[in-house]
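For reference, the structures are reproduced in the following blocks.
Next come two complexes, and both contain chain A; in the first it sits with chain B, in the second with chain C.
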Partner chain A sequence: MPVTVEVPTEKWAGKVIEVKLGATKEEGGSRAGTVTVGGETTLPFLTFEGGIPNQPVVAAEVWDVEPADWSPVLLEAWGNAVKDPVVWAQQAAALGAKLIALKLRSTDPDGQNASPAEAAATVKRVLAAVDLPLLVYGPGQAEKDNDVLVAVAEASAGERLALGLCEQSNYRTIVAACLGNGHVAIGRAPIDVNMQKQLNILMSDMGLPLDRILMDPTTGGLGYGIEYTYSVMERLRFGALQGDRMTQLPLINTVGEEAWRQKEAKAAEGVPEAWGDLAKRGLSWEMLTATSMLEAGSDIVVLRHPNSIGIINGVIAKLMGR
Partner chain B sequence: MTERFTVSFLPSNRRVLAERGDNLLRLAMGADVHINASCGGSGTCGKCRVVIEEGAVEERPHKHLGAAERQQGYVLACHSTVVSDVTVRVPLESQIGDRRVLDREAAAPAVGTTLAAHDWEARLPHWNLDPPAQKVFISPEPPSLADAAPDADRLRRELARVTGESSVELSFRALKELPSVARAQDWQVTCGVLAPSDRLEIVTVEPGDTSQQQYALAVDLGTTTVSVALLDLRTGETVSQSSDYNSQVSYGEDVISRIIFASKAEGLAKLQKAAVATIDGLIQDLLSKTGVSASMISHVSLAGNTTMTHLFLGIEPRYIRLDPYTPASTHFPWVEARELGLGLPEGVKLHCAPGVASYVGGDITAGVLASGLFNAEHLTLFIDVGTNAEMVIGNADWMLACACSAGPAFEGGGVQYGMRATSGAIEQVRINPDTLEPMILTIGNRRPLGICGSGLIDLLSELFLNGAVDKRGKFNQGLPTARVRQGERGGEYVLVWAEHTAIKRDIVFTEVDIDNLLRAKGAIYAAAELLVQSVDLNLADVEEILIAGSFGRYLRADKAVALGLLPDVPYERIKFVGNSSLLGAKLMALSRDMLQRADEIVGKLTYVELSVHPSYMDHYVSALFLPHTNLDAFPTVRERLQALGPRTPRPAGSQ
Partner chain C sequence: MSRLIAAAAIRGANGVVAQASQELEAAIAAYGPDKPVAFPNTAYYLPVTLGFMGHRVERLADLRPVIKHAKELLHPVPQQRLWLPYLGETLDSGVATLLAEEAIEGIRFVRGEEPQKIQAGTDVEGADDSGLYTLNGPIDDVQLRSWGIQLVDGRMPGFAAIVGAAKSNEVAVKIVRELQQRGILVFLSGNVNGRSIIDQLLEEGVQLGYDTYTVPFGRDTISAIYALGFAMRSALTFGGMKAGQARDLLLYNKYRVFAFVLALGEVDDLKYATAAGAISYGFPTIADTLIPNILPTGVTQYEHVVSMPFDEIPGANDLERAEKLVQKCIEVRGVKVKISKVPIPVAYGSAFEGERVRREAMRIEFGGRASSCFEYLRMLDPDQVEPGKITVVGPGLDGVADGGALPLGIVVDVAGRKMQKDFEPVLERQIHHFVNGAEGVQHIGQRDITWIRISKTAVAKGFDIRHLGEIVIARMLSEFSAIVDKVQVTLYTGKAEVEKTMALAQAAYRDRNERVAGLTDESVDTYYSCTLCQSFAPNHVCIINPERVGLCGAYNWLDCKASHQINPTGPNQPVPKGMCVDPVRGEWDNVNDFVYRHSNQSVSRFTLYTMMDAPMTSCGCFECIIMLIPEANGVMVLSREDPSMSPAGMTFSTLAGLAGGGLQTPGMMGVGKYYLTSKKFIPADGGHRRIVWMSSVLKDSMREDLQTMFSSIGEPDLMDKIADETVATSVEELLAVLEERGHPALTMDPMF
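Take a look at the complex of A and B:
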């Protein structure tokens, strides 16, 4: 006699808000298609319990200047592409990235100090060259971030870019620029559930709808605090599924930046032989950080190594059971 | 019988009852009627012009109004007192007739209750005026050949007869003086006796009857503020009281830094002397103010936290700070006040209220005693808001206590223009929602010197509820007022322009000040939340919340809730008890019953250590927001914010 066993499943009341990135011509932008993240009604990859309408996606990190401080392993892998953001973005798209995360490092006041207008023009060039949605980051210095991102937001109005980073000490200008020009804002809090919620409240208090905010919980690299990030993401996602509105936003992790910062990813000399080949080691560090973040609920992982893109795409597909 | 009049304010049509002589501006403040007033009611700014439409007021002279204006019925509210029923119109220039203002005024003001004397009686079990130390006049039979019992026996026998105590001891000092003192005025002797429990000790003897006037001192030795009260032991009334900053503050702002200082060479002695100097200064001030002589003082009752008590007594405090946080003692013997360095006569004994643990000291025992929490039937939360905030949850059957470090912000410390609640302190603030112009009142209607705790709570909540300050406590720049501006310490609000102050500088309220207030209120709310949750209850289950502290007189529940200092419960559950540590010290000075109760409280209080609680930081960070990260826990504040709507967003790129 056949016995039917009902697998016990958890049903959640809450749902992660869907955030759409990029805008097609009909929507006022120029993208071939859009990418929607979020919408989960279950914990990561537990498709038997609830819905995951949009699978996590890979964003490729592209800079507008050759990144002098990157590991030679990365520079070698990308070759000449790093000399031109247009070529770089095109190659990343060809490798399977679903989003381009363009960092406008040329505007760094301690570096080239390129003008906001130049940066805005670079964004337009990349938009013209690839048809993926863009995430755009300023140089990481509050005042310049504001100037640069306002110029970018205005020049590319309607493209539904994701602009970052908003932090509790500096979010108003970027949020206002997103509000006025139809973009999405990325908010980063320092690995703290409450501070992430507070930032979401502050950003939405300015009138920015929740479906135009991404949460960056700050990523700890593998071996360098990844467990803190994991636990904060887990708590945020539990909160979201339990119906706490201010935690129901999709999560984005700057995986590449954190993984390649670590000694294990870049040290070739003076390390134990057992650590093995540097090129493989760095790549592994990034992949393991990425998969951990995906397991913790990440909706967007930003990666650096060209090979990571395809590998992580494959990991996502397998975890989704496809 | 006091005459009662009705004062009606137009256009809001709000009416209040008043007594003859009530100040018109204070009445308006109490009724939530906004009248611009920039100088604290001192009559220097001339802004609080109102029109008397019916009835009359008595107006003190000033030179702000011309004959034509007087003809039209204009008066200055701060200089006018009520002498009849009166209808007052607040003209547009003094209030701006916006609908939002009217809406707000249409709702009854939510005051919260400040407990009055008769409320205390209902809260405390019956107690007798029966001081643990007092002067007793006796005239034993002089010795004769028929009864040649020793002097000491005669004295003991007579005192036992008069007081009804069976066990009477005589101190060595009294014994040495007795033979001559007894005979100086033919066996008319006043005994200074100490009888904290059922054992009575004659501490001093004096010739003649000096018992007609006797007083005691009650002291609240706070980390930041020290208060002393002079009590008449015949009536139990407070004759006078006075307070000052603890001069130990110059050696460190909180108990931890004081303990560290105490471990340095001569550190403990310096701190001991500083505390004594502050208390002694207040005592001498009270004595000269009232004309009471030091010889009329029978004893001193002091309540302070554990560290303060150690430092005051000169007892090594260092182990309070070190794991596992043990004080030298939580109970202290009666000591000679003079030995500690106080300028009081020999034989004046001093008692320190017993505490529970290193971070729940005698001030809390005193507070639990004074608030009647130990006698309450319903679930009560008692919070003493000080530099170290302590709180107790429970009722007559059980009590649980915890402590947290809040900092001195609510006592005016760490706030640029903060001050204690004394003359010239801005104690009440309302802000016009449209113009962001303030209405302020100072203690004593003096020109403003600074802002005290109640004023700070009013000010921050008004700025927040009117959209001038965002949820993280930062000013929204670009508002249509010159009062919000960029200062040296970030955004700031000019509460009083220099010309209207007593200090000739703009009195400003800065983002740094706000940060300190947020940290203080966050620590207190987080601790209260954890304490209540530790017994599987929620803040909403608490039937009464008693708030103690030296904020000033006009603390209002709705303002404290808007900041998230107190939970969003119906306002009638929130009651303010003022300085409960001082009140408890007074009770212990006046009654042996109360001294006994204090010991019982200590035996019943269970202490919860929050510093090791795994989720304290989480609760704290969550509370570092206005009113709280979890806005669902503050439904009335959410409603008020929704009614306000967003303030005009600033143009992009101008941050």
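Take a look at the complex of A and C:
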């Protein structure tokens, strides 16, 4: 006897806001194309319940100095590319990254302490060398972040960069720089739905339209709080689909940074033999963190290992049923 | 609107529009209609015109529609006998004035007369060999962006457009220094009888220019238009608005650009007309001469025009008067100035909050057993608070032996536009945190049981009694700038003085207690929410009504109200009650709505007066759990501090696991312990008479308050009838005790 089973489906009222990154020549920038994220009207990859007009994308993390504290596995995999952000970004683009996440670590006051002007020049060089949209991060120290990102924002006005990080204690200058120069801002809250919402409110209260804000919920690495991030992202996305405007922004996760920070991805010695080969282990750590974040609703995953780029692109394509 | 101002502004506008019209036609005749018109280094054309009209002026002929529009905005000067509303006419005239002024500046550029050069003398820095000093003219776009970002992100509190000349060179310098000190950008223009503040500053060797945040535009009133052009461009750049969206652009300026006009010296018609133009941006004018005030607010956030005749400003000399004048400007525009670093000789930070100063390490103490010490914060009128003033009345540390004591009274006076009397206790309680943040200073208690110790090391580094005031002032301004505009602190150390002022403080404490006691659920129409705990209990919302504290005990209704003022997007939001669904159970439709929306749509109803039907959810930080004991027809109240077994057969931690996490569990509810002394203690379920068992720590720590409460409901013996862990840790024991003591719950109606 034939049985017809009706799959129960959920209809959501809300929609994630679409955020466009990069600007083409006609739009006042110099990118070959733009990347739009967001726009979902359903939970991650549940295409039978709603639309996913823009699939999640991979951003490759590129530094403007050779990263001294990175796992040897990563440094080996990239080879000489890490010595020059231009070469590095070009290789990442060739490997299939859709965005370049350029971290201006050279400006770290406790390190090289490069000037904002130098950093802005680096951004221009990378913009000239690759035609993908850019995310640009300061050194991660509030005062210097502000100086650097203001210089970058002005030097690259109109390119619709995504600038980060805005945090509750330090967002005004970066938002102002975005406002004045047509960029997108990335806001990070410490794994907390309400603080993320509050940050969104504060940023948009300054006049930055919601379609120019990305939410970074703070990523816990696999085994290091990933479940908290997962649950906060899930709640943000539920909120978005239920129609809560202040949660309707696309999500970005700094997966590589968190995954490769952990001992499991770094330690070759003094660990149980069963952990196996370090190179494989580190890569798996990053991939599993990335896929979990994608399942939780991530729109942009920022990755570190060159091989992860292609693999995660493949995962996204499969999950999208392509 | 004062008729005098309206008439003057309208006259001024008529005059300047006529002048612009004439100059334009003359220029067109001389240079031809296609002669390019432009301000240098800007992509915003003539920015005020661009903003108001969406019209790009590129050639002389493009100015014709501008003048035409300005003429349409003109009105006849009001007749003597006409007394009515001039505000509309005056504002129109203001806009006409701005358009005309900008047109005139455009024409001057065509004629090569801008930026203005003035004869300053060869010894003036920046002057050329023949002594000519070139003024700035309009601000270029690069500078606009750099300052614009600082204005938007708050690093730069605002800008002052000074027009005219000060009483003396000395006063001119003082005014500018006072503004610079606060990071306020200064634009200079205008003159009085040919003398300009620009001349005054140059004569005194004050460096002008972008680097010193003081920009000389021109020696006439017309050049003040550059300040308004700057404001317009910053709105176009940072406000995301388009040219021609005049209303939005003006609102942007009103709410986000903290600027004001400071008119020094006599105010003529053109100055009135220009000030009227500034008012439409929401920028008030403060004059140092006698002119009519326009106090009622409307277009600007606070007053429109404030007159503060210079010689009548209280002060020992002109310099003090200048300081007060600047202070007034800042108040009128609501410019917020913060102190970023606490100016004391020891380290400061939250890391030191938990630090203790032991007796051996102590240099001096105030309060405790050794002497009396109190702190009292009160709200005063703005005129009565001198910003940043610290006064120590009485002996200092020197006369006190190591380890000795002095009495101390800390009186903190605050003033602020948004300050309310109700916020006094909320701010006062912060003194504890503030003072504790200093290395080597320990603060315990509050009100008249304050106890402060200062360590020998701190005193050796230079810490003195007055620094307590520095801490309070700096921190109040940085944490509570939303409600506090200025603070002064008086520290009394003489016994007689302390006793006298303490009596005042104690009267105020009593008033506050009564006020809080009188604050009932019925007396307000708005409750507050708290969602702080959603970080770990995602669906939990506390609704805080005047007669029930948050279940953690940390937030009462007044705290939430103040917290909302201070941080409008924060975790405490107002919840208007809305329509009453059930007065007995305490259910309101808006409360239900709010909870539904903020609990991720998981809790749809919420009652305030019963624990049996849709009670408030419990997050996990509750001070006590109240739980139904069906056999006893009442409830038990178990304290977090009580580790013993309860008659429900579970300890606090087991029960907390059941009730917590944001669940709504009828028959079980987490509460703050002071809820036990509220008149609204589960009233729909029968109130206090239902309490059959209570942890003894609660009885002991709140005995007096509970006793008062019980007596007030006609049950003075209730305390003794209520069992505790010393007599009953099971239902059987409990019932026996209740029978024996004749507890009222046994004869009440069934609870469900």
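Keep in mind that, in the parts below, the second predicted complex is superposed on the first by the 316 of 322 C-alpha atoms of A that agree within 3 Å, B and C clash if a C-alpha of one lies under 4 Å from a C-alpha of the other, contacts with A are read in each partner's own complex, and residues count from 1 in each chain.
The working rule: a contact is a pair of C-beta atoms (placed from the backbone, for glycine too) under 8 Å apart; a residue touches a chain by one contact, two chains touch by 3 or more.
Since we're looking at a predicted model, the values are computed, not measured.
Undergrad: Using the superposition on chain A described above, determine whether A:Ala177 touches chain B (first), chain C (second), both, or neither.
TA: both
Undergrad: Tell me which partner A:Gln168 touches in the superposition: chain B (first), chain C (second), both or neither.
TA: First partner only.
Undergrad: Is A:Pro209 contacted by the first partner chain B, the second partner chain C, both or neither?
TA: Once the two structures are laid over each other on A, A:Pro209 reaches chain C alone.
Undergrad: Pick one for A:Asn194: touches chain B only (first), chain C only (second), both, or neither.
TA: It touches chain B and chain C both.
Undergrad: One more residue to check, A:Gly221. First (chain B), second (chain C), both or neither?
TA: neither
Undergrad: Look at A:Phe238 in the shared chain and tell me whether it touches chain B only, chain C only, both, or neither; answer first, second, both or neither.
TA: Once the two structures are laid over each other on A, A:Phe238 reaches chain C alone.
Undergrad: Tell me which partner A:Pro306 touches in the superposition: chain B (first), chain C (second), both or neither.
TA: Neither partner.
Undergrad: Under the stated touch criterion, which partner chain does A:Asp147 make contact with: chain B (first), chain C (second), both, or neither?
TA: Touch status of A:Asp147: first partner only.
Undergrad: Residue by residue on chain A, keep only those touching chain B in one complex and chain C in the other, then list them.
TA: Shared contact residues on chain A: 146, 150, 172-173, 176-177, 179-180, 192-195, 198, 201-202, 205-207.
Undergrad: Which chain C residues qualify as touching chain A in the complex?
TA: Going by the criterion above, the answer is residues 145, 148-150, 152-155, 237-240, 252, 256, 531-532, 534-535, 538, 569-571, 600-601.
Undergrad: Can you list the chain A residues touching chain C in their complex?
TA: Contact set of chain A toward chain C: 146, 150, 154, 172-173, 175-177, 179-181, 192-195, 198, 201-202, 205-209, 231, 235, 238-239, 242.
Undergrad: Which positions of chain A touch chain B when the two form their complex?
TA: The touching residues are 146-147, 150, 153, 168, 170, 172-173, 176-177, 179-180, 192-195, 197-198, 201-202, 205-207, 246.
Undergrad: With touch defined as at the start, can you tell me which chain B residues reach chain A in the complex?
TA: 470-472, 618, 621-622, 624-625, 629, 631, 646, 649-655
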